[in-house]
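A, B and C are the chain letters, set down in written order, and residue numbers restart from 1 in every chain.
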Amino acid sequence: MLYMDKYIQKLNSADFANMYGDDFFLTWEKTRDELDAVFIVADALRYLRENNISAKIFDSGLAISLFRDNSTRTRFSFASACNLLGLEVQDLDEGKSQIAHGETVRETANMISFMADVIGIRDDMYIGKGNAYMRQVVKAVKEGARDGILEQRPTLVNLQCDIDHPTQVMADTAHIIREFGGVENLKGKKIAMTWAYSPSYGKPLSVPQGVIGLMTRFGMDVTLAYPEGYEVMSGVEDIARKHAAESGGSFNKTNSMEEAFKDADIVYPKSWAPFKAMEKRTELYGNNNFTGISTLEKELLAQNSTHKNWECTEEMMRLTKGGKALYLHCLPADISGVSCEAGEVSASVFDRYRVPLYKQASFKPYVIAAMIFLSKVRDPQSTLANLETRATLRKIL
Amino acid sequence: MLYMDKYIQKLNSADFANMYGDDFFLTWEKTRDELDAVFIVADALRYLRENNISAKIFDSGLAISLFRDNSTRTRFSFASACNLLGLEVQDLDEGKSQIAHGETVRETANMISFMADVIGIRDDMYIGKGNAYMRQVVKAVKEGARDGILEQRPTLVNLQCDIDHPTQVMADTAHIIREFGGVENLKGKKIAMTWAYSPSYGKPLSVPQGVIGLMTRFGMDVTLAYPEGYEVMSGVEDIARKHAAESGGSFNKTNSMEEAFKDADIVYPKSWAPFKAMEKRTELYGNNNFTGISTLEKELLAQNSTHKNWECTEEMMRLTKGGKALYLHCLPADISGVSCEAGEVSASVFDRYRVPLYKQASFKPYVIAAMIFLSKVRDPQSTLANLETRATLRKIL
Amino acid sequence: MLYMDKYIQKLNSADFANMYGDDFFLTWEKTRDELDAVFIVADALRYLRENNISAKIFDSGLAISLFRDNSTRTRFSFASACNLLGLEVQDLDEGKSQIAHGETVRETANMISFMADVIGIRDDMYIGKGNAYMRQVVKAVKEGARDGILEQRPTLVNLQCDIDHPTQVMADTAHIIREFGGVENLKGKKIAMTWAYSPSYGKPLSVPQGVIGLMTRFGMDVTLAYPEGYEVMSGVEDIARKHAAESGGSFNKTNSMEEAFKDADIVYPKSWAPFKAMEKRTELYGNNNFTGISTLEKELLAQNSTHKNWECTEEMMRLTKGGKALYLHCLPADISGVSCEAGEVSASVFDRYRVPLYKQASFKPYVIAAMIFLSKVRDPQSTLANLETRATLRKIL
């Protein structure tokens, strides 16, 4: 009997045909069935690796990465996912490239893609830019494939943009699915996506936006909490409201961290910058107004420092369901007394949740691999079965 | 029936036995048969990949890259070629190395080559240096292999030097062969390799030199055009003249862009720096004379700016054969009104030729792979046949 | 008949069971049998590669490298070793990472290891730090594997720390074993590990410490020579003394280069910084006392320059056994009149020994691969036999 059967059965009842040859920009562009397919394939690939069975579906081929911001977790998760499937990562380090501005996105996209099966991009710094850039890249390579320039059309995986952080929040969801024993058990669970104090400014909005856009798909009660002035992109709130209505869950906002934590099953306290301020910063950068940026940063730090009480302490955790909510973070966290004087979370809370936090992160490589797999493999069920039957050892014992 | 037969038949009528175990420094060191073998193998490898058949001839092994100048196209072409054949690229980033000067070229060459099958080097900045450096590297690894230090002798692929840019101009030629329906159809075609205005100074001479050194091999009428003072290396002109005589083509020079474009089948308008100025700059760098360099750069920019009329406009294109010459560029181009105020080519000409330009670039990975293949494989015909028969899928469908 | 039999027979008489799943921090934490196993497996892997037989034991998987100091030889040796076994190297470039300080070693170690089979670290700059850091990393990934965060427990290979440089000195030993015709022939041979003048300050102590800690295992007469004030870590001297007593060799110290060279079979003249000065420098860095560091460096250079006579000249070489001692260096060497005005070795001595020096370096990839192999493969003898029987070509001929 094939162990893959379990995953294949689940896939058989989902409709994800449109994922073949498609990209992954934003979770809300995917149907529930498609998201479920990612979770199922991620589990299947993890099962194969844990049992020392190779999941290589590529004999050769490149995966291009482009990080416009520092990254450890996402960089290594992407490298792991690509290696698992048989692709070699080639980093497009813009500092070592001849990349010019404006017009040449189209050109660069084609020039790096002659043998690229995947392009992973992280571009989260400027409002209105990151996701738009990714779409330009995809448009360019689609045309390149159509025009006979490229042999294959590389799939884009959004490794974080200004709007969403799909590989992160899909990994977060895979983690809570595992912790709560199934995606069906998420229904009715309360998750508090709350702002938290950090001594740094300008942290991206993609995680809170990604969380409210995704977690509302599963019938959860999603509460977004932040001090007045720390609003997120309103369009994503609209999406969250719509999702909550469709899934039988709820989407609420509050300016009280306590209210959000009250009876929560899951808490996700994390700093971010006000959307309006990020818009303004993007504009200032556009005008090369560096004194303006410097002034804005000072204002943001000052604004942050009036909210040092937004910290995930043991006292706060006691407000949660049975005092035992699952604590999430995308890492690295600002830990009070450890990585900074005062931060997002107290050392004792962080320490207590260290193992589940690291497990949360461990889903990202498999989520990315599943996104690639579903885009590249025509018949995922039979390929999974074949991988198990082929039974190539990942490592000689 | 094997599809590879077509390529194998062509290879059977060419003599390229000396390529086995050899390097690729300059196109004019290769016979016509050897160049043809590169084009044929490049086509065969492209055919295999387009049909999802693996062309891996290495189970493991390293390809070392050394870029002494920024690069996108060549970097990714080299990475693609090596990945196609089964080699992992390891970049020698001199900034992260302990590489000293002078004496240690020999040492470094051996230290990076213990498991290296290929070394690709780009070193185009200083006259008299780049190609010479490559030969030092090859001398060192030959001795290393002879002396039992290295298990294998890595093959050098010149990824651009001060004299030639063989992977570029071989890819350019592969492109025009495809566009004109066969290498035999190049005979009598007129190509205009012309200078064009750019607001930057000091662009390498390797492309114009490579073009006149190579295109004269095929019986083409090669016209080199530039404003007075923008001479290229005279030794390469001698080679072009000799080739033209041998192949029944011609090699002409003019100081008129119009004359060059007149009735041309192919135009290649591209900026470069005067050879004499580059020689002078090399000398100034050698003496650490930075004020001298700064003065020279100002002079070159001023000199350039007196030739803004050297632009590939629609009007200029109308002078070509039927107004329909094939426009070539090694990219990135300086496009007037797009990447700069005034540049090498007008936006409308560039836009019209975008697809063929990107196709031109798409040959480079295959040309590089073919150079490696012919150096590493003892019996290319039978290996190509075996690859098709083996029929390992490049990607599970 | 299997050629691997020769190596398998040797392995059968050694007890190295504890190496499975273990790390390689310091040579003196390994038994003689375990060190012998490394030499034997290194030889076997070299034999396979020289005979074009693949030694890939991994179908996929990552090897993480972290270099906190510039490196060419070790970087490429590590890349070669990992590629030989089937692992793809992913470099953790701390400049491109979100790595913070202190607490997060544990976090980073897990975040990079989701699919990592090996972690190679070079961290040799600060006394009391490098080796300690590696142990923190190993502790973290052991916990990660235990807690179900990591699928596999990556093996650490110490690529140079403040105490030892095991891959270097094991490669050095593999070289002298080959030169003297067997490990048993090292007994009674005299090796002079001597300080030598260099115009640079602050060279690591890991090589002299590694040499006296390792070479005393084989019954050799090990003499450590340096000008007064250039003491190495006293704890390692204690280890050397103990090893010499156990193996029937000797460990002596002297402040005379001549005395050390006298009748030596092997000489290893190489600059290093005084241990006490490196301790002080570490402390100054800890306090961000940059003027203190600057003062210290000036003092060290001045101190060095009083010992310019510590140079490995032809005259010095004539003092050695029959004037024909084997000259060793970890490279790059400071060669008088070549890479500096006055340095560690005269040009004529260096030139005469160039080939053996490069051969010495050529063992490092195999030594690293053997360390990984013995940690990852449960039954090395049968795996070696299987690799030969499988006989996958490394390269299609």
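One rule holds for everything that comes next: a contact is a pair of C-beta atoms (placed from the backbone, for glycine too) under 8 Å apart; a residue touches a chain by one contact, two chains touch by 3 or more.
Here the structure is a predicted model, which is why all the values come from computation and not from measurement.
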Touch-based graph of the chains, sorted into line, ring, star, complete or other: complete
Interface residue overlap between copies subunit B and subunit C, same or different (over half shared): different
Approximate Å spacing (C-alpha centroids) for the pair subunit B, subunit C: 41
Sites on subunit A at which at least two other chains make contact: 88
Residues of subunit B that touch subunit A when the two form their complex: 46, 49-50, 54-56, 67, 70-73, 75-77, 79-80, 83-84, 86, 88-89, 331-332, 335, 338-339, 355, 358-359, 361-362, 364-365, 392-397
Residue ranges of subunit B in contact with subunit C within the complex: 57-62, 64, 88, 90, 92, 96-104, 107-108, 110-112, 114-115, 117, 144, 147-152, 376-379, 383, 386
